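Note that chain A is present in both complexes that follow, paired respectively with chain B and with chain C.
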Partner chain A sequence: MTSAVGRVGTLAVPARRVGKLQREGRAAYLFLAPALVFFCVFLILPFIFAIVLAFSDWGGFDLGTLKWAGTANFGDVLSFDGTFVKPILVNTLLFAFGSVFLATFGSVLVAYCIDRLAFQGFWRVLYFLPVVATVVAIGNVWKMMYQPAGLINGVLNKLGVNSIGFLSDASYALPSVTVVQAWASIGGAVLILTAGLKAIPEMYYEAAEVDGANSWHMFWSITLPLLRPALLFVLITQFIGGLQSFALIIVMTGDGGPVNATNVAAFEMYQRAFKYGAWGTASAMAMVLFVIILAITLLQLWIARRRGEETS
Partner chain B sequence: MRRHGKFPWFAYLVVILGGVAMVMPFLDMVMSSFKGAGEYGVIPYKLLPESLNLNNYREAFSQLELPRLFRNSVIVTVSVTVSVLITSALAGYALAKLRFRGRAVIFRFILATMMLPPFLLLIPTFLIMLNWPLAGGNDFLGRGGDGGLTTSLLALILPFTVSGFGIFLMRQFMISLPDEMLEAAKIDGANQWQIWRLIVLPQTKPVAITLGLITFIGTWNEYIWTLLISSSDPSLQTLPVGIQLLQSFLDPDRTMPIVMAGLVISTLPVLVVFLVFQKYYVRGVVLSGLK
Partner chain C sequence: MRISRGLRLAVALGLFATAAACGGGGDAGGSGDKVELTLLSHYSDGPSKEGLDKMIQQWNKENPKVQVKAQVVKFDDLLTTMTVRQTGGRGADIVSAYGLWGGQLMKANVVAKVPDDIATKIKAEYSPAALGAVTTGDTLLGYPTELNTYVLFYNKKILAAAGVSKPPTTWAELADAAKKTVKRDAKGNIQVEGLSLIQDGDNKSVHPFLSLLDAAGGKFLGSDGTAQFDNAQGKAALKFEADLAAAKATNPSIMPTKQFRSGGVAMAIQAGWWIGSLKTQMKDKYSSDVGVTAIPGPTAGSKGSLAYGFFMGVNQRSKHGDEAWKFLTWMNEHKAADGTVTETGKWLADQGLIPPRTADQAAYKKTLSDPNMAPIYDAATYAMAEPNQPGAYEAKTALHNAIMGVLADGKNPDDALSQAAKAVKPQ
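On to the complex of A and B.
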């Protein structure tokens, strides 16, 4: 309709059309200007700065005293006598793996169950509540519940189990924090998985029912395979999130203790930088973690693309 | 409601048990906020307080300077949300509807920005704020001053004013707006700014609510960056940081119930906003998951 009018116009006066395009281009860059300026100052510049810092030796704030250090920072950070690889990087992976495993297992179960109940909206909002709360609320409430006189030990005592020092015992501290991370991220996963479940055509289930399959069979041979894209997305984004999250750990344990038991890579970076002013070492740690996360992101893109080729 | 499978009682059991685990911590938070001196931290544990006394809330108000924390939280959250909405709508429109050289490259760049993890930029961004030219007594090269931008609420706002995710969300939505409508406006003599302002912007209401809500809640709850910036200047604290730091200067056994009272107060605004608009928030999460 109107686009036809536009086309007639271009045929008649091509020169004016070129002018119009140029004007549109200028307008486009004006519309994009705030975003582009922002990304230059708060993304490209800090990213370059992060790389430079990782290869330099610098304390304090005077840029004039910055010295090139080659790969010395990485040598320090990755040396096996230090604490960064073990326990900190190991903790980071355990924390991310553990919370993703728990959250995914829980959210698949819950999403699958919610899908067959009444009041689905209500249930989804209920599971989503922790996502709305600040990490300070989540961390402190769980810290309180984990205390010797807290709710969880209260329940354990009722059941005849002795109190556990969830956050003070070095062997329980990391699993305890991991559970909270999983608890907090289950709601987002449930939402995405429910959307994935809704996209599975009802007729598959009907056909399976005619063939006499039970719920368990249907879950394994219809739901799980068809949910794979949504599931993979949840797994990978939450894993990436888990690798870099440390707010919960600051709130719950203060310093990553007891004795580094809950210290993770991003938190160690934070402490090295802002407690000790060791910009170089801290930036090298950030870079190591970034490379790990980048590898996982690329893996995700590769899997997504391969799947795209399969289906098309 | 799906009818396949014949064990809804099992589904109810799972969802209700899980639901209890989801709600219990919040219930404990509210209950503890009413507990008096002899009630908290006592074995055996009791969930219910003896009475609904508001002493902890009064204490939270006097210890915390809640009005100041609240004001900072509101200023930062509103500024960031408004800014993200405007810049996303502007950039999203250009990427969705305007033809220009470099569009594909810029779009791919915006997607790439979402892959850069925030912790990586934490240190350099802090140093950039510290050495911001002509701020906080710095000279035009960013040297010599005392704290640069880190002594101003701007430090909590500026690094969050644009969101790659927001631009992406707006662009995906605007691309489905009919071209005919924009062409018609052009024929009527409207320039691009007028088209954006009068035709495109009013139509983006649903996606704007979604984006606004996600940004609002994320900013209200932001912790790490605010903790860092306000560590040298406590007047910049927002609600989460102020409440967390309360613990460091009060007796721990006495503190927790007061902290809980503060947390109830700081969680309520977000909870109300979320419950009113939850439909939009849920849609935003799903959209981000199915891109």
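On to the complex of A and C.
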């Protein structure tokens, strides 16, 4: 009896609480509704539409002309006779890896130096400026500097080196735009890494100093390991940004040239869809890129988790 | 309970705001008896906009029940704007488009079939080059408007200083003049480029190459969209370009539209519209420095050119197709004030373009005050019309990559052409 009364009592209280929770839950969903509708309309629906298009033949303009194409678009895109796998996908990966490597290396160096300088706010603002500037401005400034009669070739000529066709020579074009992408993204990474550096307790350095460690040892054994969560975040975001890069290429080279040397996946998708009206092929490319980005991001997370780190 | 009502109200307002933000108003096609036609084009500034606006104003004044409203975007945004608006159900009633896009627009049911009576008149009254540039297969896409042909521009003073007394008439003479006029400094930087083989804009190497291909008697694409350039004529034309690149007499990193006016380019294969820009930029120096001649071929007497065009057609989804065709017919047929040429012909000629109508061309050709215009008009009689079937744009890009591989990367011309031909996929 006691137990029955007790059970009724314990059921009665939660029932009221459950009712309240349900009301609150409904209210929460209702408050979220505008954002969810926005999310669905501008993210989920286009994504589903892109999946449908990837398996279709569609020239744009009229949805009535959409035809089922099966996996033909993927066959075209992934064919080794075509240009998407090589050079475009290869360019995309080289561009992303190259810019991430340069930006991460540069930002760690800059953040570490700033952490040891006076007027840290000033230095951070200085390095953050390229992030504030538009890609169009950055691309055009670097484009002018890379010109045969531009600043960089001027310096090379003064040093007795012949001019280099940074954007017109197929061998130099991709490294040239990769450097610009890295330069433009250092600022954001510096900000995140500086915050990471500030979070490392000073006592570790004091203890290391007592043990006689030099600056290099402290950097290698304390700073770098404790900076890994921030580094992981920087690596993932920069890598995704690098793989999706589009605006810088179009500003600096116009057509992904010379000879597809700077053509990357996002730019090729744009060309296929908006220039050639090959929406199916463009969407298939988008799906391939999506899978690659997802796989690389999961790989990065898996490696980090094996070492017990999270981006928090 | 009151809170719950408040919540519902807030959510409803939120949803309403979202719907309002996501939704868009449709184009008002007309109110009552009045019809409003929209005309989307790239005639966004200068004489092109003024001339078109003038014609539209006259029509609107004379036809109060059918009003035309011009909508303009830059050329670079025209195809994207058409794509987005058409897909969203907000396409313009009348579209002005580049002939190369014709096949794509036809395949996607964007442009309506030209009524038979109008098509018959157009076919009878317009030049073959203009018709070819705006016809896909056997289908005429609309009224031909802009027509451009390619010619050889040269700097008379640079050629004379290099000992070249007359403009080249064969490929051998052209190569010789290019090699004689090229100048480099001690560091290898080009001071004067001998012959420019690129043009400003999309697929920049293709139009000059196709002009040379035409001069050699070759073709770009067959009527079924298959590649026709991977043959003796195509290889000869690309080898000609490769030899100039190897001799460093041409360099694709130099943009003639920027360097020619200041004497940085001796010769350039360019479209006729360029003449208007040169006149504005070079002022007095134009008549003393600039010469224009036909693009020579491999043998004496042979010459070639490429013709590309624009057209104005009616949107298949327009609710006012009849009115749109009436306006286009009036726009393209009514005479200018002097009664000798059509107003559209005058509008185009005022921009330095070739009027596509044969009678207008003949009238203007008789009274050309600038001798440099004559080769541009002549080219309209023999130029290869730019193919525009579905897939032509992609084929053009494949060819562009092949040519740039030869010019900028030293690739073998035969291999490059063969690779480009494989990338051409008829649709």
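Keep in mind that, in the parts below, the second predicted complex is superposed on the first by the 268 of 312 C-alpha atoms of A that agree within 3 Å, B and C clash if a C-alpha of one lies under 4 Å from a C-alpha of the other, contacts with A are read in each partner's own complex, and residues count from 1 in each chain.
As a working rule, a residue touches a chain if its C-beta (ideal position, glycine included) is under 8 Å from a C-beta of that chain, and two chains touch if they have at least 3 such contacts.
Please read these numbers as outputs of a predicted model, since none were measured by experiment.
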Item to check | chain C versus chain B on the shared chain A, clash or fit after superposition | outcome: clash
Item to check | Which of chain B and chain C A:G59 touches, first, second, both or neither | outcome: second
Next on the checklist: Tell me the contact category for A:P148 with respect to chain B and chain C: first, second, both or neither.
Outcome noted: both
Checklist entry - Does chain B (first) or chain C (second) touch A:D211, or do both, or does neither? => result neither
Next on the checklist: For A:P258, using the defined touch cut-off, is the partner it touches chain B, chain C, both, or neither? Pick first, second, both or neither.
Outcome noted: second
Next on the checklist: Looking at A:N157, would you say it contacts chain B, chain C, both, or neither? Reply first, second, both or neither.
Outcome noted: both
Checklist entry - With the two structures laid over each other on chain A, which partner does A:F38 touch: chain B (first), chain C (second), both, or neither? => result both
Next on the checklist: Which partner chains sit in contact with A:K275 here, chain B, chain C, both or neither? Use first/second/both/neither.
Outcome noted: second
Checklist outcome for this item: Per residue count on chain A, the busier partner among chain B and chain C is B
Item to check | Segment of chain B that clashes with chain C, given the candidates 135-143, 171-179, 207-215 or 261-269 | outcome: 135-143
Item to check | Contact residues common to both interfaces of chain A (with chain B and with chain C) | outcome: 27, 31, 34, 38, 41, 61-63, 148-149, 153, 157, 274
Checklist entry - Hey, which residues of chain C end up touching chain A in the complex? => result 4, 7-8, 10-11, 14-15, 17-19, 21-22, 79-80, 82-83, 86-87, 91, 104-105, 107-110, 187-190, 202-204, 251-253, 390-391, 393-394, 397, 400-401, 404-405, 408-409, 411, 422-423
Checklist outcome for this item: Within their complex, chain A touches chain C through residues 23, 27, 30-31, 33-34, 37-38, 41, 59-65, 81-83, 148-149, 153, 157, 162-163, 165, 167-170, 255, 257-260, 271, 274-278
Item to check | Residues of chain B touching chain A in the complex | outcome: 1-8, 10-12, 14-15, 18-19, 21-26, 28-29, 32, 40-47, 86-88, 90-91, 93-95, 98-101, 103, 106, 109-110, 113, 115-128, 130-131, 143, 158-159, 161-162, 164, 167, 179-180, 183-184, 187, 191-193, 196, 217, 220-221, 223-224, 227-228, 231, 239-241, 243-244, 256, 259-260, 263, 266-267, 270-271, 274-275, 278, 281-282, 285-286, 289-290
Item to check | Interfacial residue positions of chain A with respect to chain B in the complex | outcome: 1-3, 5-6, 21, 24-25, 27-29, 31-32, 34-36, 38-39, 41-43, 45-47, 49-50, 53, 61-63, 106, 109-110, 112-118, 120, 123-130, 132-138, 140-142, 144-145, 147-151, 153-155, 157-158, 183, 186-188, 191-192, 195, 202, 205-206, 208-209, 214-215, 218, 230, 233-234, 237, 240, 244, 246-247, 250-251, 266, 269-270, 273-274, 279, 282-283, 286-287, 289-290, 293-294, 297
